[in-house]
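Two complexes come next, and they have one chain in common, subunit A, joined by subunit B in the first and subunit C in the second.
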Partner chain A sequence: MLIKIPSALNIGLKTLGVDVEVNIASRGMPSFDIVGLASKAVDESKERVRTAIGNSGISFPSKKITVNLAPADVPKEGSFYDLPMAVGILSSIVQFKIPESSLFFGELSLDGSLRRIRGVFLMAIFAKESGIKNIFVSKQSANEAALFKEIKVYPVERLSQIVAHLGGKQLIRPVECQEIELELEKRTAEFDMSEILGQEQAKRAVEIAAAGGHNIIMIGSPGSGKTMLARAIPGILPSLNKEESLEVTKIYSVTGNIPSGGSIIRNRPFRSPHHSTSLVGLVGGGDKPHPGEISLAHRGVLFLDEFNEFPRSVLESLRQPLEDGHVSITRAGGRAKYPAEFMLVASANPCPCGYLNHPTKSCACTPREIRNYRKRISGPLMDRIDLYVEVPSVDTRNLSQDKRASKFLETSATIKKRVEKARSLQKNRFQEEPIHCNAEMKNSHIKKHCFLSPAVEGLLSKAGSSFQLSARSYFKMIKVARTIADLENSKEIEPTHMAEALQYRSHFHDELN
Partner chain B sequence: MEKKFNLKTGRLGEDMAKKFLREEGYQIISRNFKTRYSEIDLIAKKDNSLVFVEVKTRVGNNFGSPEEAINKRKRNRLKRAAQAFVAFHHWEGPFRIDAVCIVLNKEGEISQFRHHENIVK
Partner chain C sequence: MLLSEAVEVKPQPTTKIMEEGVINIEEEKYPELLGKIDHPPRKLYHRGHWDEDIFKNCLAVVGSRKMTNYGLMAVEKIVKEVAAAGVTIVSGFMFGIDAASHRAALDGGGRTIAVMPCGINLVHPEYQGELYGDILENQGLIISEFEGDFPPDSWTYPKRNRIVAGLSKATLIVEAAMKSGSLITAGFAKKYKRKLFALPGPITSKVSEGTNHLLKNGASLVTSSKDILDFYGLRNSPLRNSNGQKTEGREREILELLKSEAMEIDDISRKFGLSASEIGATLSLMAMKGLVFQKGRRYFANFN
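The block that comes next holds the complex of A and B.
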């Protein structure tokens, strides 16, 4: 007796249909074999399936069972073929029919209950695209799949439940489909902008960065508030829209980062990997290419604290994704392309001791030490960071006074409103382009969308020659000026906007020469 | 005492298997043929094909089914033993390895009897 149970397989962010074929021979020595390039986790499911069926009060058939995972030439990973196999075997003992146009996936526990699995969201998308109507999945992962009206998602808690359901005895109620349009949750950032005392210039720079999606680097002494500023950024970023939310959810689903019972990701990601993170951890890779931190930060913030403590090779690997907005990883075990459109927020000290240009403390570093320290961040990488801002240390004598003033400081919510307004201007501007914000503009977009009046052009070329701006920096300044103009709801880029943009040019490597 | 009991059970099972195979039209050639790899419980012949039979007998099911005891290691041994027999006797026809699994109750009566053909591929 041959039974076919449809299931699926995730390769990177792509999903492939897999047929789990279960053959139960009426003759032959009892055995249980799995073929079809099954990995260790799949092969081990024999014991899980056998025990789970036994513990569900059904005796495991003493027959010759052969399971084939078709197509047989694609390696199968993961533990979610437990459920289709168990359903296939059960259908031979307990008489029921496999409902048409259904997908099954789930990992079995030895007691016959179903466990949460990764990548359910991607499989739901696959189901939608291939017109499948029913999905049977563990209860904890059901919300992840229940996003499309045309698909019924059945949350299965125990194996015995699915037997009762398919046998028509006791039906499982499908999960209610969740509206994606639902108002996206309010993000609670770790810090509110009003908690940060002083640092008005840095706050302004952070606001511009958030408004245009620009990369930003903050240089300052220890304790000046760089990290606090960075952690406040999620609070001023615009909410994710539906499309972006789905993109982020895909990545979080394959990496198993969606909490049990969770659904789509509604908040912009904020990732702050430690500086000991490896290249593979940051960019992605591994035996079977999996997404790295830059992909997990897609449509959100990648915060690299102590920027120049990261190994050089790791930092340089950011260059291509920063430019392209995606990363292609090729390994012996497969090929994958992951999106990586993130806002890079970096922070670093000005010198090894950290007190260069400090108003009261003296710096103990030699020029050579400082040069070596700064050389860890290469010119090309620095060139890709639009905003460079120095965060001076706060004068502690004024702190108590500032604290009282803090209720007059702008809250993140107010800033967020301005940022959202600027973003909506950009959205209108780039309606016909494949880009979303000013930072993503290529030179052709700049020519089309950023008209420079002679006064502004004069200012820029003057700055270009006196500051020795590179061609890339030149365009960078225009992009930043465009965002500043957007924040002020100005159609044209005025000389004042350009003048402010020029303040944020990098002079990280200048002081040395 | 325990060992003797198992031996007796085994013998009893082999006798039952022998009787069964005879009734099925098999011609029994040899019993308990010893090789350096394993002992072959029964060697039979039917339709010009040599059949090596492993007989497993259990009393009750406290220790799992008899089939479970014929694991990969046992099957490999049987295969090598069969090959040794074939080589020694210059047999050139087809041969296969079967299993006869018997479960007895406490009174020594058959409660389950199964014959599996070709257990080693």
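The block that comes next holds the complex of A and C.
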């Protein structure tokens, strides 16, 4: 007797339909075999399925059972074929009909309960696209799938529930479909800007970075608040819209980063990998290419603390994704393309000991040590970082009493409003371009969209000689000035905008004296 | 700094003046003042055009490698003016006060002599190649008693210091810790009965302990270039004054504030109750006009 149960397979962010064919032969020695390029995890299913069925109070048939995972030439990974296999075998013993157009996936525990699996969201999208009506999935993962009206998602806790449901004895209530827009409203609060005392210039730089999607580097002594500033950035970026959220959820689903019972990702991602992270960990890869931190930071913030402690090769690998907004990884085990449109927020100490220019502590580094320390960040990488800001160490005790300081304390919500306004101006500006924000402008876009009045042009060329700006810095300054103008809702780039932009030029590789 | 870090770097061929030579102690051209010290170097290797005039009025300016912003400002003001009046600035080419003094002399349009702790073929520290070239291009000299590629060592530095003091009628110590090479140079100057100037410093600063100690023990206190120029019988020559331009409104207020104390942008913005964005824009413009300059996080008023 042959039973066919539809299931699916995730390769990168793509999903492929897989048929689980279960044949229970009436003749032959009792056995249980799986064919169809099953990996170790799939092969081990045998024991899980056998024991789980036994522990659900149903005796496992002593017959020759063969399972084929079709198409047979694509390697199968993961433990979620447990459920379709078990359902296939059960249907032959308990005699129930498998409903039309249904997808099953789930990992079985030995006691017959279902465990959470990853990639459910992608499978739900696949189901929607291929017109499937029902999905049976473990209860913890059900919310992840219940986002489309067309699909009924059945949360299954135990194998015995499915038997009862399909046998028509006790039906499982499908999960209520969640409106994505409503889900997005349930954002959790982020770290708020108003909690950071002082740092007026650094906060302003962060605001500009958020408004134009610029990458930013913060230089400051330990404890000056670089990490706090970085953590506050997701809260001032415009909220994720539906499309963005779905993109992010895909990546989080496939990497198993969606918490139990969670559905879509509502907040902008904030990733802060440690500086010991490997190249593969950062950009993605591995035997079967999986997404790295840069993809997990897609549409959000990638915060690299201790920027120049990262190995050079790891940092340089960021250059291409920073330019392209995605990363293509090819390995023997397959090929995958992951999106990686993130805002890079880097932070570093000014020198190896960390106390250069510190108001009270003295620096113990020689100029040579400082030069070598700074040289670890290459010029080409610095070129991709538009804003540079030095974060001073502040005496918070004094500041919390200083009324003049509290005048500048703004909540993230206030700043966010300005950022959103600036972003909407950019959206209009780049309607006919393939880019979204000022930071993505190439030279041709700058020529087209950033008109410089003679006054501004004069200012910039004067700055070029007094501050020794490189050609790259010129363009960076124009982009930043454009964003500052957007923040002030100004059509033209005014000289004051350009003058402010010059504050954020990089002095990182300047001569020290 | 470890001595083993000294890297042999040949001066870049971009330097046009590559004139080299050796001056023996018997020669007429040998600097007179240097010949009078206890153990004058037998030979002086030099790079750059040997012009006896350069040794006529020499001022040694030495100080700590750990230069503070205060030290830098003092050098940029005093040394620049002294050099502009025609005094040759002699120093040891080390980073910190030494390098700042050479640079200030060049900025003032004066001449400067770098006495190396190693052979004249080496640029040490090696990343100051640009300064090395600039000294030569402005009729300055690179001299050493060590030949060619002789590497610097812990004992060559004090030997070098005796030449720095020996060449000069007077020595100015800008910033020095209690136990430092600068105080060794000061000791030589005293021994050779030369005039010793010292810059007073804050009592809280480690690198002013040495100079304050010298002042207590008879060194002459320096508060302006006039103190030094009077000794040489020279007068302050008018400098190109970049402050000639008029400042008004906010710029003027900021400049007045910075004249009394260097400040960070956040502090300035709090003081005026204006956003960092506005103050930042103003400071950028002021920096381009040469009214202020930035060091690390802080902005300084330009005194020149």
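Assume the second predicted complex is superposed on the first by the 476 of 513 C-alpha atoms of A that agree within 3 Å, B and C clash if a C-alpha of one lies under 4 Å from a C-alpha of the other, contacts with A are read in each partner's own complex, and residues count from 1 in each chain.
As a working rule, contacts are C-beta pairs under 8 Å (C-beta built on N, C-alpha and C of every residue); 3 or more make two chains touch, one makes a residue touch a chain.
Since the model is a prediction, treat every value here as computed from it, not as a measurement.
By the touch criterion stated above, A:139 is placed in contact with neither subunit B nor subunit C. In the superposition on chain A, A:462 makes contact with subunit C only, while subunit B stays out of contact range. By the touch criterion defined above, A:500 lies against subunit C but remains apart from subunit B after alignment on the C-alpha atoms of chain A. Contacts of A:29 after superposition on the shared chain: subunit B is touched, whereas subunit C is not. In the superposed model, C is the one of subunit B and subunit C that contacts more residues of subunit A. Of the two partner chains placed by the overlay, only subunit C lies in contact with A:392; subunit B stays clear of it. Residue ranges on subunit C touching subunit A, taken from their complex, read 1, 5, 65-66, 72, 95, 99-100, 103, 125, 127, 130, 206, 264-266, 269-271, 273, 275-278, 280-285, 287-288, 290, 294-298. Contact residues on subunit A toward subunit C in their complex (touch as defined above): 198-201, 203-204, 350, 356-357, 362, 366-368, 371, 390, 392, 394, 402, 404-405, 407-408, 459, 462-463, 466-467, 484, 496-497, 499-500, 502-503, 507, 511, 513.
Per the touch definition, subunit A reaches subunit B in the complex via residues 27-30, 62. Subunit B contributes residues 65, 67, 70, 99, 116-119 to its touches with subunit A in the complex.
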